[in-house]
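Each in structure tokens, the structures are laid out below.
Same chain, two partners: subunit A is paired with subunit B first, then with subunit C.
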Partner chain A sequence: MIRKCLNALGTTALALAVGTAGAWAQSITIAIGSEPSTLDPQLRDDGGERQVNDNIYETLMARKADGALIPGLAAAAPERVSESAWEFVLREGIEFHNGEPFNADAVVASVERIIDPTNKSEQLAYLGTIVSAEKVDETTVRILTDGPDPILPSRMYWMKMIPPQHAQSGNLDEQPVGTGPYKFVDWQHGSEIRIEANEGYWGGAPEIDEVTYRFVTESGTRLSGLMSGEFDVITNLLPEYTSAVPKFAAVEGLETSVFILGADNALTSDPKVREALNLAIDRESMAKNLFGGYATVAKGQPVNPKAFGYNPDLQPYPYDPERAKALIAEAGATGKTLRVNGESGRWLKDREQIEAVAGYWAETGLEVDIVIEEFSQYLDSLMGDGPRPDSIFLANSNELLDADRESTFLLHMNGPAYSNSDTGLTEKLSKARTMIDEQERQALYHEVYEYVRGQNYLVPLFHLQDIYGLSERMEWTPRVDAKLLVSEMSVTE
Partner chain B sequence: MGSYILGRLAQSGLVVLGVTTVVFIVTRVFGDPVSLMLPLSATAEQKAAFAHQIGLDQPLLAQFFAFAGDLVTLDFGESLWQRRPVIEVIADCLPNSLLLVSVALAAATLMAVLLGAIAALRPGGVIDKAISGIALLGLSMPQFWVGLLLILVMSVYLKLLPSSGMGSAAHLVLPAITLALTPLARQTMLLRSSMIDELNKQYVRTARAKGMPFARVLIVHALRNTWIPFLTLAGWEFILTLAGYSVVVETVFAWPGLGLTAIQAIQRGDLFLVQGVVFTIAVLIVTVNIVLDILFRAIDPRIGLN
Partner chain C sequence: MTQQQARNSAQATWRANASALAQELWRDKTGLVSLIILVGIVAMALFAPLIAPFDPAAQSLSHRLTPPAWLDRGVWTHPLGTDHLGRDILSRIIWGARLTLLIGSCVVLFGGALGTAVGLWAGYNGGRTDNILMRIVDIQVSFPGILLILLIVSVMGTSVVTLIVVLSLTNWMVFARFVRGTVMSLRQSAYVEAAEIVGCHPARILFRHILPNLITPLLVLSILEFTNIVLAEAALSFLGLGIQPPATSWGLDIASGRDYIYIAWWLVTFPGICIVSLVLSLNLFSSWVRITTDPQEREKRFAHSYMSRRGKRS
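Entry: the complex of A and B
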């Protein structure tokens, strides 16, 4: 009798254990807009690849969801040991998914591979200053740059650490092996990629056990997949659909939309005309009507609010159509033609923004000529050697979260898209690139962008928000840096 | 027969070469693939290095000869987007497209024969009007709209079928229906009208008068005479579906086929993949035409092969 009872008890306990384990085995499906071109984490600058690999690989530095830079595989923030060398101390006892140890040799191998010119990594755009890496001891590494580089810690947030032996003899393109919270399972080209929880993850096993990525280019199809319950997370939800989905989450992302004005062009060289162009736009109304409120009006500067160097004290340009009209009249520009260059379909509501802004500009008395170009021709207008456009639209993305990105791209005279010949400004921006003292550097950027705001070289518009559609059971707060980190997600059921 | 086929093959080879040449020129003259492929922040040196790597810094004529030389061995180079040989990418996605297109067209053709024949039995009757009306509707609705509507009803509301992707037979249902609708409508209308023509002919009356059962008259005699225009249309539908409609339908349903690959290759400026896809489609089209010509001859020996 007693034995029988015990038996029954045992069976019940077993059933309970199995039952709970079953409830814990969570799997979710994420629909992303494009299939990765490769799963090698060091070669391409590819959003689809990052959306998967950010869960498999890790970097020396990481970011919190709000953008703050924190140590990742490094044990602490790096120290500057000389003018152009930073020293990282690594966390101990971490292994790659294939058992290779993560140590100074792995860091050196990762750095050497990505900067090797024969690999032609597209990520060098973020890592260009790095010249080499040196092992100091088993858990200490020095990264050397071609000069003083204050942004190096942010750069290391971009460089994924790879296992040296697998990189040599395995197939990184198809078989990613990292140190992260998820391990690669398989990739069916055209259909899906699967990853599973890494139970031995040094930061603790993640809550969701299995993730399937599906590649769905058509946004309407992503939306219906979410509505039908096939997907748990979808990317790039349009603002107008937020009311239709079970759940959604929005966060201010990395992109800022802006017009670059041709400060040397006949019409836009007149500071009054440039000022008028900034005053003529009702940005608040655009944010509300175009983006349903899911965009933030930029505060007189193109710099991402989470970036180092952002000046929180600057004010947005006011909407003053009367003053704009008066300035255009004063400049004798009434009736003159302003060319507005742009593209369509690359960034959220790009054409709509261009047309709305051009509409406001037309109200000042200027003739506005909108030129929407095919993307590669647009790139030539933006960065080519030809004459600078009067005004050209762009949504600029700041992956390093440092004001250097916007400054170099939009204003610096060695940069790709500058439209001014202000050598004083370029000098200051060059100085800011290499200044090591953080406070001085920050003060310099603040000064620069106050000056740029006064000169009206740019027409900053909005910080765009990333909107994700979620299924009823998903719990997730999206990140500023647009990373889809599954370890930060959870499922309620 | 043998010399006829050889002649057609030579002719088709010229067609394929012509199409491929046009694509070769168009992809290089319009737009700059280098800046399309690289991130916005790429430097001038990176661009130059990339152009050199993929051979775009060579004169156009030299590029063309290199391209034509590789074409002979079916070597289209490496896809810039997927970083693997173009032929591998096509080998992955072409079977998916062929599966979808053949299921859709087989269903459409069978249904069209059935519906067309029924409608022709009593022209102007209620059934004929209903079938013609539905066919007209099928012709008028754009496919992306039908696709989204089907997803909305069958996946979102009824939760019966998956909305996108490939995997089980259930995944095939919605894209196949969407793809089948237009060919079904056109084929039904064609079969109906040629059937009505046949049924009004003298030989049908004679056959009925001598007491032959109507079903036999219909199936054995009348239907056979509608085959040639019907097959011509079916071949045409196959080409249209594979090279045209599938781009839309595969995009809507995220079906990993040739159409979806084509549109993504174009968007990403992957000129090598675009060339490969166009070449593949051109080859398929001329093949279908040759097969049809031979079939016609088999059906109706009066058709000469010249």
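Entry: the complex of A and C
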């Protein structure tokens, strides 16, 4: 009996020894905020889905960690072959995880599937200008747009390439198959998704062998999971916790918080009132105290500093409460009611930014009426057909890293959230959308945002940083585009 | 006996009753303490402008997350510390008591009145009326509350009144079910039958003969419901469907402070302690009220204290 026990012990010890030897196979656990609604990479605009699929699928264009656009599955940067056509040459010899070859046919199939109206892809918001794709030869593809589209290469950074046969006959929803550095293993709904290293990856096998994604909605739960060693990477860490976690990493992200002012509303149509609202806010103090320095004061414009069209010469609005008060008095607006619309819980410290700014505005002599809305109602106030709010908060994300995104969304009169009737501005923005010459286009955006700053149509606040909590053993520099690319991470043990 | 004498003796009886009640309360220490806490909270709400040291909405970002005075970095200007926007927590608690109490009691009053009326009617009439009313209750119970709330808020806009209406409309059913059940059993009792035979009007039977039996249990149910309302209000306000800043309530302060629980526990702890003491006092006091107003319970209590006194003597 005792011998049996000893035997068993010996075997266990042996197993343990083998286990440690095999521990070079490194695995990590990442906590993400929401479970993907699907693992089909082409249908939804879903952050949870992207966080997983960014590791499985690849795109023709990619970005470096600092945001610079580089060729991905394309062999080189695309060329314009006519007004409305771009030609991509593809890398050779790449295969999907299921053995299908990646070639011109796969690109054409991917494009056709995503723009097919019956698929109702939510990603068309980023890809709306694309009309079709043509195969030139086995490794050359042309993408055709409905007019000149200067930012098509950035758009192609959004479109994940799918294997045509698997898309036809397989189940893309549940069985993602891409060309990327990781292969899908399994998805236990409601609990976790696992992926493993693709040893045959064309860019070289990644360092971490296994990744488990867990879905944790509560930020407090994510934090305690990190502290207890359950998770290696967590997203959306509050600045206050950077000193509490084992390790953290911060990077200037894609989001910029801003208030849109209703330039046609009774109170805010007065340029003096709008100027006062911009001067009344102590942005430096908010960045320092509220964000602990993990936010940068926007330089008088809502455009992301990494984006094409950003005007580095503009100055942030100064903090001048006396002048603001005087302007409100001059405009005869003292005691009038300013409505401040906003939401709660969607963006980093949203409610706090709204309440803090409203507090500054109340000091100018205006009556401030804060309305925190339920999210769907808020979206209706932001983008609906109803009357425009006096001022509404949002954190605008620039996924294309081009000033076109902010311009179209916040200011252009065909955009969803504009609050002005400045036809001259809209004309200029329309022109900038289709301009081919980069220099001229850049100059036009610079001019536009200088003008917008002077008109005070917007109250730009901060460029927000993304903060990640990491376990002691993780080595990782987060990316500007907020992608969680595991192939860029490593583990020290 | 002259009129003057009659009045005097009535006053004397009243005084005797009151002092007997006070004595009884004095003997039941939990009841007494809970009453004192309740009176304190109500006084705090009533006199908020006089006793709050700061404007509850006055923010100062450079002084945010100051801990309570007795900890390091704490200052006595903010005895309970400051929140994530540098607002004084003590002042917020004092002002928050107003809306917390106002909403809680109004909802219990309106929701309770509606539910009781429906329950009385259904329970007394029985038959088809009962069937229809109780199916309405069932439908309302199974209907997702948040949907109804969204609907009402989108029509009426957010305000304290909306919040009271919304919570009343989603919380009356429990009263209706409870009252109906009790009325159905009382309907069979001899004195109700007697009143019917004598020819009393149904309204008189309901309000004169049946309702008084319900007062004590209704009181207890109301107090229990009150605690639910406080929590529901906090949840709605946090989603942006209830109280709008700069106004505040205890629940809302907890909801917006919970992200900071690991580094600034005082944001949620102090309003939390307030809710707990309010709810606990209400529960303890309601149980004292129940025992004091129920003749059978009184008998038991009397017997108990009598036995213990005898036990001591021997």
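Quick note on the criterion: the second predicted complex is superposed on the first by the 471 of 493 C-alpha atoms of A that agree within 3 Å, B and C clash if a C-alpha of one lies under 4 Å from a C-alpha of the other, contacts with A are read in each partner's own complex, and residues count from 1 in each chain.
Simple rule for what comes next: a residue touches a chain if its C-beta (ideal position, glycine included) is under 8 Å from a C-beta of that chain, and two chains touch if they have at least 3 such contacts.
Just so it is clear, the model here is predicted, and its values are computed rather than measured.
Novice: Between subunit B and subunit C, whom does A:Glu122 touch in the aligned arrangement: first, second, both, or neither?
Specialist: In the superposition, A:Glu122 touches subunit B alone.
Novice: After superposition on the shared chain, which partner residues are touched by A:Glu374: those of subunit B (first), subunit C (second), both, or neither?
Specialist: The answer is both, since A:Glu374 touches subunit B and subunit C.
Novice: So, A:Glu352: does it touch subunit B (first), subunit C (second), both, or neither?
Specialist: second
Novice: Who does A:Val491 touch here: subunit B (first), subunit C (second), both, or neither?
Specialist: Neither partner.
Novice: According to the stated criteria, A:Thr221 is in contact with first (subunit B), second (subunit C), both, or neither; which is it?
Specialist: Touch partner of A:Thr221: subunit B, not subunit C.
Novice: Could you say whether A:Met435 touches subunit B, subunit C, both of them, or neither, answering first, second, both or neither?
Specialist: Neither partner.
Novice: Show which residues of subunit A both subunit B and subunit C reach, each in its own complex.
Specialist: In subunit A, residues 220, 224, 374-377 are touched by subunit B and also by subunit C.
Novice: Taking the touch rule as given, give the residues of subunit A at its contact with subunit B in the complex, in rising order.
Specialist: For this pair, the touching residues of subunit A are 34, 37-38, 45, 120, 122, 124-126, 128, 173, 189-192, 214-218, 220-221, 224-225, 227-230, 374-377, 379-380, 383, 397, 409, 416.
Novice: Which residues of subunit A touch subunit C once you look at their complex with the stated criterion?
Specialist: Those in contact with subunit C are residues 219-220, 223-224, 238, 240-241, 244, 282, 285-286, 289-290, 343-345, 351-352, 354-356, 358-359, 369-378.
Novice: Can you tell me which positions in subunit B touch subunit A when the two form their complex?
Specialist: For subunit B paired with subunit A, touching residues are 30-33, 35-36, 38-43, 46, 49-50, 53, 81-83, 92-93, 96, 148, 151-152, 155-156, 159, 162-167, 251-254, 256, 260-261, 263-264, 269.
Novice: So in the complex, which bits of subunit C are touching subunit A?
Specialist: Interface residues on subunit C, with respect to subunit A: 57, 59, 61-62, 64-65, 84-86, 150, 153-154, 158, 238-241, 244-246, 256, 258-264.
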